[in-house]
Amino acid sequence: MTKNSLTFFLGGARSGKSRLAQEMAESQHGSLAYLATGQAFDAEMADRIARHRTDRGPRWRTTDCPLDLPAAIAREAVLGNIVLVDCLTLWTSNLLLSDADLPAAQAALLAALAAARCPVILISNETGLGIVPDNALARQFRDAAGRLHQQVAALADTVFFVAAGLTLRLK
Amino acid sequence: MTKNSLTFFLGGARSGKSRLAQEMAESQHGSLAYLATGQAFDAEMADRIARHRTDRGPRWRTTDCPLDLPAAIAREAVLGNIVLVDCLTLWTSNLLLSDADLPAAQAALLAALAAARCPVILISNETGLGIVPDNALARQFRDAAGRLHQQVAALADTVFFVAAGLTLRLK
Amino acid sequence: MTKNSLTFFLGGARSGKSRLAQEMAESQHGSLAYLATGQAFDAEMADRIARHRTDRGPRWRTTDCPLDLPAAIAREAVLGNIVLVDCLTLWTSNLLLSDADLPAAQAALLAALAAARCPVILISNETGLGIVPDNALARQFRDAAGRLHQQVAALADTVFFVAAGLTLRLK
């Protein structure tokens, strides 16, 4: 992993992608910045978020950025930290639910990634490999996430498809 | 890509498979035939179909064949064109919704592919990697599509799994 | 395949994973034990189960073990048979629906696999690559299955991702 490398872990739910991304970050020297996009809408999610934070341990500093992820990446990049973004799926979903300008936000993210002079590791869920969802918002989400994945992957140095805790290298 | 090669791009929604397939076709000399199986049932889909047609540009000649794909392939093969089929998912779905004889149609498709003396590139959505769908028609679709994918892949010279605009070679 | 090798086929619905697993087992010398976790809740499933049993042919001895899979593996291991488990997805689903102690059952399975002195081939459906399911039980299932896949894959000698009847080697 070089100074400004970009690594992208794309996988299913419970595929182990967060663990793999964290292990990659922890194998590096330097301060570890965890940019968390998850929001606790209910007890199930609050539980999961709290458990994950405990599991990561004290070496990580966590910043919540459900919406303003590009600015958070820019701030960490100035500090030269190793940045882990977990995850693009929830960020996209938060933007859709908040009626934000999604194309503008995605462009800002790509600009922040291209400008970052620090290692960045991104995690996202692949959600496009099931049956077409009945509801229009889910289809809109799936399209927005898929397009973002393509753009991030085009920018990334290394892209992994993750299943069962193991990786297939896409790039 | 040889004279009668068969290439199969299998991937998720918004995975970039159509773009990759089109780039492969456009890298060849020869006339380009786009066999479109999509039908516009609503404004969302009409929009998407029109946008895609514009994006492809004037080098492509598009034929709509929501149901009679085998005959369309046979016609193009006689002309010696480079054929791109986009996509098997919608074709399967159209057949199911029109109460056609699906096994007979799938057998006719495989026969047309085996007989074609021109390069054919096929695109399809993998839809079997999510939770089992609640509704019986969706399960029937998923089974029919999965079986067809296996048969097309067995016949193909090259098969790619597509995610995030990148490929993993299955065959 | 060595005496106590563990092979894991993970793929989508109708991806051909059962056929590939059966062919691998049939290419070996020795008795073939098929551990079936499927239960026929309706005519659709009863049909599918009966058809699969006929397709396998007389070389296979089938044992139904919708819940007590670890004990069934232990019994076959004593006999030195080649064991095929089809599949972990249905087993997980059966456990959830019967209000069993799922973590205890998963631990017992991993212990049985680690102790087995016979070739074991496991099949499971990847279900985490679609849209987040609406219903809480489906999410719980998806999480439980994903965690089990990671643990089985960690223990396995060989892991394949299956799509369109073809394999990508994860491990």
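Think of it as A, B and C in the order they're written, each chain with its own count starting at 1.
Rule of thumb we're sticking to: contacts are C-beta pairs under 8 Å (C-beta built on N, C-alpha and C of every residue); 3 or more make two chains touch, one makes a residue touch a chain.
The shown structure was predicted, so the numbers you read here are calculated from the model rather than taken from an experiment.
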**Prompt:** Quick one: how far do you have to rotate chain B to sit on chain C, C-alpha fit, nearest 5 degrees?
**Reply:** 120
**Item:** Equivalent interface positions on chain A and chain B, same or different at half
**Value:** different
**Request:** Return the distance between the CA-based centres of chain A and chain B, expressed in whole Å.
**Result:** 31
**Message:** Could you pull out the residues of chain A that touch at least 2 other chains?
**Reply:** 12, 126-131, 142, 168
**Asked** In their shared complex, at which residues does chain A touch chain C?
**Response** 11-16, 44, 125-131, 133, 138, 141-142, 163-168
**Message:** For the complex, give me every residue of chain C touching chain A.
**Reply:** 8, 10, 12, 126-132, 136, 142-143, 145-147, 149-150, 152-154, 159, 161, 168, 170-171
